[in-house]
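Okay, so chain A shows up in both of these, paired with chain B first and chain C after.
Right after this comes the complex of A and B.
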């Protein structure tokens, strides 16, 4: 079956069975930032941005993503907000293990793009959505808060303040 | 992501190993074939043939007879086959490897493989189906005939697909939830394939010494004269779900040279095993070690067998072969934790001092397990925890069974022993009237020179102070007393009060983590650190790759001692084959041993720097005297290079409607010597707590937002603290549940409905008790009013 999608901002047609997992199809496209973890949507290793929101690609049949926008970590690295997240993580002492990077980074992205200044509850409800294999929740929360600060610095902290 | 082309340079460097920054599952090669393992559909029986009627071109099936060298690999506890030679040892045992260019097609063909069993053994393996699947008794095909049709039997075996898990933590718990009624040894003795593969027993104490009359009093006399005797059985099959890269390998032959990309954790072992199985000179095997994210488990040693399986296919096809275990295979065959049952009998005097501890440990080791003896030994060492009983008798036995090898995690090897002894202490505290903190302080080993009757010497600093600190920070005594009163009131009041909120409980537990075990029969403690001060003033540490936090700690340590900038410190992880790291990766205790050795190297460089010519290389290892502090013959002495100590506390509340637990708080106090990086240490402990919480209930991660981690100040050398939480939290958790429920929880992991079932059992018991009381009272009344009641009875 031919499934048209916008993958990393390029219009392409995926050749796959509609019931195949998006994870499998993306790895076949040699997008290896999408890792195979639990296969149950718990661990976050296979996270991608689907129409701007992080989703576990292991629980999504590829037939459901027709005409959707998919962004993987390979392409996300070109976004300025990626640098904010990485610098925030570094400040918090988070070392990326390589296997659950997508889960951590896209979770941070979701928080950063949803809330201007996330509170503790918002932060932890986003973090609790996945089971990170290498970083504890408090450290990850700190990393996201540092990333928020880095984003504000880059965008200009007072850009919305009326003169 | 990466397409690797083996080049001429690799051939020249073929005696070397190297460390890749990639995951092997992300690597591809030109004309690469994908492999899948053909597995036994039954747990016993003899296989006569494995075949596929119509394999397409380019697809191949290889079995034991295709292994170019020896199919049987020597291990300390017997031989392990690369592929089964016909006699099946466990459900899912590898029979062969199917390879082909299309991964999906390989898995499609895998389900069409025909496996023919010897009909003489058919009865036994059909019975095994019944046991595994809990399905009705199968009648043999053509049962009217004395010889059943083999083809029909194959149809049955094919119908029994592998999807239904034969063994999982959940099924183990279902089967054995009530550990008091469960006896592993009895069960295994009934299994015709079981046998003892390892044993260790030790007795120590004055009761084992002959008195003036030449009579050895023995433990029985101590138990007979004790003020209290407490007995309990504890059952542990904890398994932490790890969703990291599954095991596997990519193997490719280029002329005489074999190149292997794999996340091995034991470089010297994989070279030796590959050399034996493939009949290749070890010097001609190039190991490319890829990223390892899943430390521990059977991956430590079984990865070498997996590499042999892929290399066999690569040898015959002349192409690169990639074998990646599925998540299901990883969980069933690499990470399965088989049950450990520990029975305790403890004698106490009136003051709560432990007079004697009798411990019996039963371990299901699986079909083969090279680490069985070491697992037993470590369980025996930890069996009395950090306490100092006057007399002790420990007997531990590992049984062979028709299950996959029990997973081995060298860091968590003794967790079951702590779970048992700490829960036993809780039972003792209930009986003796002392609080859990007091009973521990009365019996804990002291480092102030008190005479220790244990055969094992540990250095545990200030244990009583640490327990006091925990009690203070968690407000343990007040909460414990309050919840205890609640529990007593609930049990003495009416039946309805059993379910009155709040159902709360709090548990306390202690444990140690030993690092650098001197008694291993598989590897010796040969940790070595080599440091070179280069001509340009930089410093090179020759070591296998380390984590980022260890690297940071080492840079800071070197910088402080030698007064050089941290940027000038680099880690060189290139090794020639003759000097490759000998030990399994998880044995290197980077904080406790390697950092101490690094400090010694730096001190030595500091002394020699003024006179010596650069580059100056210094090498330090664990000294012979340190190793000799453990006596393997008598099984006594100092078993570990260093020991850290921790105490933890868990407070829970049960939802009165759903009976699901809510963890109100976790407090952990650790004495891990000097803390080299407070941030990294706290983060490590919190991550470990997260993992423990994920392992306590099958297929459900409990969360807790109120976690407090504290470290005792100490100037002694840093020790490993990474896995300490595994020794303390499980027991504290079950103790808290025990107090909240009013009935003993002696099994881990739990299931989501365990607590509800326990309450139902308890309610049924209460009803039975009330009924029996009422009946007894009636009988008494009847006796008293016999003459009055008789006519009534007659009327009725």
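Right after this comes the complex of A and C.
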């Protein structure tokens, strides 16, 4: 079946069985930031942005994503907010292992876009699922708080720039 | 058309859905697809229909479309929706799964798999709060609209589509929701317990007790017995009510096909909830 999608802001047609998981199809497209973890949508390793929201690609049959906008971590790296997240993580001393990057970065993105100034409870409810041994939850929460500060600084500077 | 003839239809309007439901036999309607591992040969995705993917908040109730995602429901906030519904939503999977999973899928998911696998029905997480809150479902086809109370819902009839879920927003003095079984995933040990109670001048004026998972338990008989009782409940009254619930549970539930631990958990939660009535 031919499935037209907007993958990383390019209109393409995916050739796949409708019941194939989006994770498998994306990896076939050589988008290797999407990793296979638990296969149940719990670990976050396969997270992608579907219409702007982080979702686990291992649970989605590719037939469902027709005409949807999909963004993977490869393309997300070109967004200014990615720099905020990475600088926040670095400030908190987070060194991601490479396997869990998509889940943690996209979750941070969701928190940053949902809350202006997230509190600890909101942070922990967002990151509760992460169990990767490379980063503990407290450090990850700190990293996201630093990322929030970095985002505010960037936006503040932009607001003061004379056009 | 693919090699194994699997086709996913896309509906943009509700009329499209009715057209496909009438013209394609054996059509499976897909929500977020987070519970079903496989999809049928012919399926229809409804997540892009604005009419089904929106909700409307009124003074006394909230009308949810079945394609509303669980994250969108959570965005309403705990103080603007029934507390047990909000608590139940928080126990479902992870935030990223909730971005995808839909209310309609959560209501129909377990029933659909049971019909197709021939195994017992496993009710999903939101079944219990909606049962306790006396939610009402709107089922439509091209010519007819039916309103079904949640307690009488046994799956969507052939040719019909679930178009609305009306959840009353009543104030309850005590609202308790507990999920039992493994967290985040659904297994035969998963079940939900809901307890709602209202009092006036130390007299219990309204109570709702529901328990659902592989089984569904809600007894009007039990609720009617408790209503009108003076508070606080004595230890003896609580014990008597728990014993009566034990008997009613055995009468209602086929104990051969369910795990005995579910009954123990239900009775413990019921005792705990009754003890909160002071």
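Throughout what follows, the second predicted complex is superposed on the first by the 151 of 163 C-alpha atoms of A that agree within 3 Å, B and C clash if a C-alpha of one lies under 4 Å from a C-alpha of the other, contacts with A are read in each partner's own complex, and residues count from 1 in each chain.
As a working rule, a residue touches a chain if its C-beta (ideal position, glycine included) is under 8 Å from a C-beta of that chain, and two chains touch if they have at least 3 such contacts.
Everything numeric here is computed off the predicted structure, so don't read it as measured data.
*Asks:* Just checking: does A:1 make contact with chain B only, chain C only, both, or neither of them? Give me first, second, both or neither.
*Replies:* second
*Asks:* After superposition on the shared chain, which partner residues are touched by A:32: those of chain B (first), chain C (second), both, or neither?
*Replies:* Once the two structures are laid over each other on A, A:32 reaches chain B alone.
*Asks:* For A:54, decide between first (touching chain B), second (touching chain C), both and neither.
*Replies:* Second partner only.
*Asks:* So in the superposed three-chain picture, is A:23 touching just chain B, just chain C, both, or none of them (first/second/both/neither)?
*Replies:* After superposition on chain A, A:23 lies in contact with neither partner.
*Asks:* Which partner chains sit in contact with A:125 here, chain B, chain C, both or neither? Use first/second/both/neither.
*Replies:* second
*Asks:* A:67 contacts which: chain B (first), chain C (second), both, neither?
*Replies:* The answer is second: A:67 touches chain C but not chain B.
*Asks:* Of the partners chain B and chain C, which touch A:105 in the superposed model: first, second, both, neither?
*Replies:* neither
*Asks:* Under the stated touch criterion, which partner chain does A:141 make contact with: chain B (first), chain C (second), both, or neither?
*Replies:* neither
*Asks:* Quick check for you: in the superposed arrangement, does A:42 touch first (chain B), second (chain C), both or neither?
*Replies:* both
*Asks:* Common interface residues of chain A with chain B and chain C?
*Replies:* 42, 128
*Asks:* Would you tell me which residues of chain A are touching chain C in their complex?
*Replies:* 1, 17-19, 40-42, 44, 47, 50, 53-56, 59-61, 63-64, 66-67, 103, 106-107, 110, 125-126, 128-129
*Asks:* What residues on chain B touch chain A, complex-wise?
*Replies:* 1, 21, 23, 25-26, 28, 241-246, 291, 293, 327, 547-549, 679-680, 683, 686-687, 689-690, 694, 701, 703, 705, 707
*Asks:* What residues on chain A touch chain B, complex-wise?
*Replies:* The contact residues of chain A facing chain B are 30, 32, 35-39, 42-43, 45, 93, 95, 97-99, 124, 128, 131, 133-139.
*Asks:* Spell out the part of chain C that touches chain A in their complex, as residue ranges.
*Replies:* 1-4, 6-8, 10, 30, 33-34, 38-39, 43, 45, 47-48, 71, 90, 93-97, 99-100, 184-185
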